[in-house]
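Note that chain A is present in both complexes that follow, paired respectively with chain B and with chain C.
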Partner chain A sequence: MAVLARASGEEIAALMPELPAHERLRAPETGLVMVRGRAGGDGNAFNLGEMTVTRCAVRLGETVGHAYVAGRDKRQAELAAVLDAALQDPARRDALMAAVIAPLATRQTASRDADARRAAATKVEFLAMQTTR
Partner chain B sequence: MSTLTPGFADPVLDAQATFRAVLEAMSRPGRIQRAGTGLRPPAPMMPAAAAVLLALADSGTTLWQDAGTDAEAWLRFHCGAPFAAMPAEAAFVLATGAPPVIADLNAGSEEEPERGATLIVQVAALEEGAGWRLSGPGIEREHRLAVTGLPSDFVAAWARNRGRFPRGVDVILCAGERIAALPRTVAIAEG
Partner chain C sequence: MYVAVKGGERAISAAHAWLDETRRGDPALPELTVAQIEQQMPLAVDRVMAEGSCHDRFLAALAIKQAKGDLIEAAFLLRAYRTTLPRFGVSEPLETNAMRIRRRISATYKDLPGGQVLGPTYDYTHRLLDFALAAEGSDRAEAPQAEVPAGAVPRVTELLAREGLMQREEATDAEPGDLTREPLAFPAARPVRLQNLARGDEGFLLALGYSTQRGYGGNHPFVGEIRVGHVTVEFTPPELGFPIELGEIGITECQMVNQFKGSRTEPPQFTRGYGLTFGHGERRAMSMALVDRALRATELGEDVTAPAQDHEFVLYHSDNIEATGFVEHLKLPHYVDFQSELENLRTIRAALAREAMQEAAE
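Up next, the complex of A and B:
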């Protein structure tokens, strides 16, 4: 679900050309969720702010899939919910993991690594500057 | 989980239409309105009763029901309402079988009579033009309503409910996709 939550609706749809027939239990809907934080890990919980969340629930045969994703991408929420339901089916799980989840995960790891490398290149080692003096 | 069925097709417009139907039913006691067309709630819940709960119940109202675990899962998913252990603690009481004793339900207080419970009773049939003679606010002279499937002591219990006005319980009768309301002000005479 973490992979699906980070992927966009188009990305998932591109990897999943045919969507299994499903019934919408709760059509994709957008709302606000209060995000709570805690200063320093042991402070009192406080309300950090509200974030936009889109949720969806579908039924695929006997299984029910739920998805809550950040943002307003209704397509992403519905696709994630369908995949949540489909991945609970042992017969489809492996094929879907290989066809949809694995490529998305690889792409996300690569993009995160690229960002990390770009940031690392600009890092200033204060300790190193002290020793060169 | 596998018995979950969808709620309203259009959550906003369908809830508004149902609210309007309940409002009309409450303002004109005994007149039949339609609600819940197209809903497929788990048995033994009827579409009208399910629609009324979808429109009125939410996380701020406690619920009690006797329709079984499928209905409870459905209501939890679509309404998000907390469930009460006893009918006396609930704001909305759904009775699919024999209704609970009206005197046992929350009737509100003299200061806050609006906190009285709403009892939603599923009955076998509702028909206008025969049966009970209703009178009271919202009815010019009298209105006739025939209800099939209520216990025989309902009219006596209703008279006691009306006697403690402004406290009291309001009743919504549901049969299939038809609803009729009995607000606490209405008087019922048999025959």
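Up next, the complex of A and C:
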């Protein structure tokens, strides 16, 4: 779910051209979640501000799938809910993991790594001061 | 007393049409897209999300477009929109210690675990207008990348707390007050104050923070640490009963380290001022941290002498949406109010004139 929460509906749909037939228990709906922080980073919780979140619940055969994803992408929420249900089915799990989740995860890791590497390039090396003296 | 005033409809509708036209500007130029604002004015988007108290980059960008770049108006639009949405619940508190860091600096330690990571900063730029930006389609060099060093990036405040030199934060399971649900009341607890400051006007926070540095309730601050990056937001849906990841949001955190001379129960030690904001907003997070510390004066047994330490003054005036509403409402018709003032003044002046005539006659 962490991977699906970070992928757009378009990205997920591109990897899952055939959407399994499902019943909507709760149509995609956008609302808010109040984001909390902690005073001093590790003290008492406080309300920082809200964020938009879209949720959806579906039934796939006997299984119920739920999704709550940041933002207002209804397609993403519905696809994530369908996948949440489908991934609980051992018969489909491995194939879906390989076809949908793994490629998304790879892409997300690459983007995170690139960010971390750009940050690393801006890390100050104070030792350089001493060698020039 | 109200007097029904009619007859403005045609003028208002013409004014709105002209407003739309001025928003569009010269039709010979391509129209700005919301995606362009979101991508190329990210700091404006961040400020609108913070002051609108709603994290949604697209909505904030749309609000900026609609408001013709007036960021307070844009925050107002976002705040108004959020009232149309249901609340699903509250997140788990953010783990800023686990932030995916783009920038992390400390002004208190040169060499610290995790190091000084500058990130995409304006610091050290020359503040000279870059005319290359005026030319379209100019190629920008790609940002260099380097090997990511292993090792943790601990909080500076934690390093000091381990030595017993930094006051530990009170950490309980207390449910924080929520300004979107209950109006502000005094004395305001720190969580409520932090929520108020987190969505407060950046200019107001900046000026108040600056006033503390200039001696109005000075608290001698050091930037223990500023962190800019992304954190995962976790939320426990009631139907699942366990936390799931909603995604990541960008945030900025500032830990100010301040002197504290100690009290009867506590030895001299450092205390914290804390700033946290959506997006990349260092000025905002720093100002918030300065004001947070100033507002702790009473609980730390310090004298309250300056505006930044005055809970009512700060918390009642920090919200630019409330402030702009009350200031700008003066534009609305006050014809009847003003007639009564006018009447009053004329009566007083007439009475004074009569007295003067009488005195002259005597």
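Some points to look at:
Here, the second predicted complex is superposed on the first by the 122 of 133 C-alpha atoms of A that agree within 3 Å, B and C clash if a C-alpha of one lies under 4 Å from a C-alpha of the other, contacts with A are read in each partner's own complex, and residues count from 1 in each chain.
The rule we apply is simple: contacts are C-beta pairs under 8 Å (C-beta built on N, C-alpha and C of every residue); 3 or more make two chains touch, one makes a residue touch a chain.
Note that this is a predicted model, so its numbers are computed, not measured.
In the model built by aligning both structures on chain A, chain B fits alongside chain C without clashing.
Annotation for chain A, partner touching more residues between chain B and chain C: C. When the two complexes are overlaid on their common chain A, residue A:Thr30 makes contact with chain C while staying clear of chain B. Of the two partner chains placed by the overlay, only chain C lies in contact with A:Phe126; chain B stays clear of it.
Contacts of A:Arg59 after superposition on the shared chain: chain B is touched, whereas chain C is not.
In the superposition on chain A, A:Phe46 contacts chain C only, with no contact to chain B. Applying the stated contact rule after C-alpha superposition, one finds that A:Ala21 touches neither chain B nor chain C. When the two structures are aligned on the shared chain, A:Ala91 is found in touch with neither chain B nor chain C.
Taking the two complexes aligned on chain A, the least Cα distance separating chain B from chain C is 7 Å. Comparing the two complexes, residues 29, 57 of chain A contact chain B in one case and chain C in the other. Note for the complex: chain A touches chain C at residues 1-2, 5-6, 29-53, 55, 57, 66, 68-72, 112-124, 126. Chain contact summary for the complex, chain B toward chain A: residues 1-2, 4-7, 11, 77-78. Residues of chain C that touch chain A in their complex: 49-50, 53-56, 58-59, 82, 85-94, 96-97, 100-103, 110-111, 115-120, 143-149, 155, 157-158, 169-172, 174-180, 190-192, 194-195, 198-199, 232-233, 235, 237, 239-240, 244-249, 253, 255, 272, 274, 276-278. Against chain B, in their complex, chain A makes its touches with residues 23-27, 29, 57, 59, 62-64.
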